[in-house]
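Below is one structure. I have some questions about it.
The letters A, B, C and D name the chains in turn, as written, and every chain counts its residues from 1.
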Amino acid sequence: MIVLANKYGKKTWLIPDCFLHSVSKNEQVSHEAICVLNTSDTDALIKLTLFYEDRDKIDDFEASCKAGRTHHIRLDKLTSKSGQKIVRDTPYAILVESNTEVVVQYSRLDTSEVEMALMTTIAYPVE
Amino acid sequence: MIVLANKYGKKTWLIPDCFLHSVSKNEQVSHEAICVLNTSDTDALIKLTLFYEDRDKIDDFEASCKAGRTHHIRLDKLTSKSGQKIVRDTPYAILVESNTEVVVQYSRLDTSEVEMALMTTIAYPVE
Amino acid sequence: MIVLANKYGKKTWLIPDCFLHSVSKNEQVSHEAICVLNTSDTDALIKLTLFYEDRDKIDDFEASCKAGRTHHIRLDKLTSKSGQKIVRDTPYAILVESNTEVVVQYSRLDTSEVEMALMTTIAYPVE
Amino acid sequence: MIVLANKYGKKTWLIPDCFLHSVSKNEQVSHEAICVLNTSDTDALIKLTLFYEDRDKIDDFEASCKAGRTHHIRLDKLTSKSGQKIVRDTPYAILVESNTEVVVQYSRLDTSEVEMALMTTIAYPVE
């Protein structure tokens, strides 16, 4: 008998408040993560489109999350297909699009002061 | 061929917990932001209505978010049409109304102590 | 012409993670708030039911939020009809029931260390 | 007359961003909690499935939440049926499955620096 895994979540998620701080005053670097949970039997190919306040959107960042796995995508470590890193100290927003259902949570660690701050939210899912 | 951008989100969002702290003890000023993501082809005109605990609501604050852009609206920098700033050290709440679909996230940075604190949540969308 | 205010939100909200810390090491006391936004024309009567891990629920806490107003209900200052305060240092959860539609956000300020921490989330609405 | 309690919430919830920090620099240990609120008349049996980035999922963690109670499940104290603790310093995600409707909120306290950081979000519910 084949038991198929449940596919939970949605294929499209949005996160309006993104910001990569350039300052890190303790051993943990200031960073953001797009945390993806893929409970399905299909590997997830994930496209990230970045929106800015005063320049055109960038749509050549990609990531993945294997079937039955999570991937905490570190945005400070991500490189686009054209070899770019995400610009720090600049307000931006992210549209997350997956080829299979996933759940997405956004978190930020800020160590611009020695004692860090954390924030998190489940991203906004498109029904 | 014309490819129309997808319109994601809702036109009406609410944030019950707003508070602009008057104290900033490090180089980053205590502030709140209404972070808007507009994936549509239409510029978003955004009306902010402020609700208080013991005075009438104020409905002459406006902002915008261009098509295909994000805008992290800094509430400490916003000025109403009648020339007012948002009062600090006072609990309030915000109703966000846009003429086109957007996604809204609310974040607060508090530096009333040197080591800051952060909090964030996707705002409450009206279906 | 009479323009009726829009009634946004739901009448029932839940918050599983509540905790009032007894320690406050700076001038701001550790506290939690149930932040209510009432955009309707009707004053909201709000019943809070508290759930615990190892004792029966308590259902005699009440609050209110006037029409067209917000109320950031400070849980550390609230007194029940039987004269009780909410117990500190004890995990609990809250069911919020209103007689009219409101939006509810939960926030916590923890100053058990000098440099505070903040967290917030929109509460879980019952459809 | 028998008054049945209302069953609020859902049976399935997901949390993509979990991480148990191994460092605690003040008297409060770094920890995460799955906070469950069970307003129903039925005790909730709760199965936790843990997903990782580079190893197979683990599905033998269980917890419970009695009828009319909350349970703030401390993930750092939980032991699986095979006697394992959750691995620290490793990104993971959690699928929460209950036999009765509950509401789930995820919170993290990080004391890897003396001054702690907090974050919280209502988990993602499956409709």
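The rule we apply is simple: a residue touches a chain if its C-beta (ideal position, glycine included) is under 8 Å from a C-beta of that chain, and two chains touch if they have at least 3 such contacts.
The shown structure was predicted, so the numbers you read here are calculated from the model rather than taken from an experiment.
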item	value
Rotation in the CA alignment of chain A with chain D, degrees, nearest 5	90
Same vs different contact residues, chain B with chain C, by half of numbers used	different
Euclidean distance of C-alpha centroids - chain B vs chain C, Å	22
Averaged-CA centre spacing for the pair chain D and chain B, given as whole angstrom	31
Of all residues in chain D, the ones touching two or more other chains	114-115, 117-122
Chain B contact footprint on chain A (complex, rising order)	12, 14-17, 19, 51-54, 56-57, 91-93, 95, 108, 110, 112-115, 117-124, 126
Residue ranges of chain B in contact with chain A within the complex	8-9, 26, 28, 33, 35-39, 68-72, 103-105, 107, 109, 114-122, 125
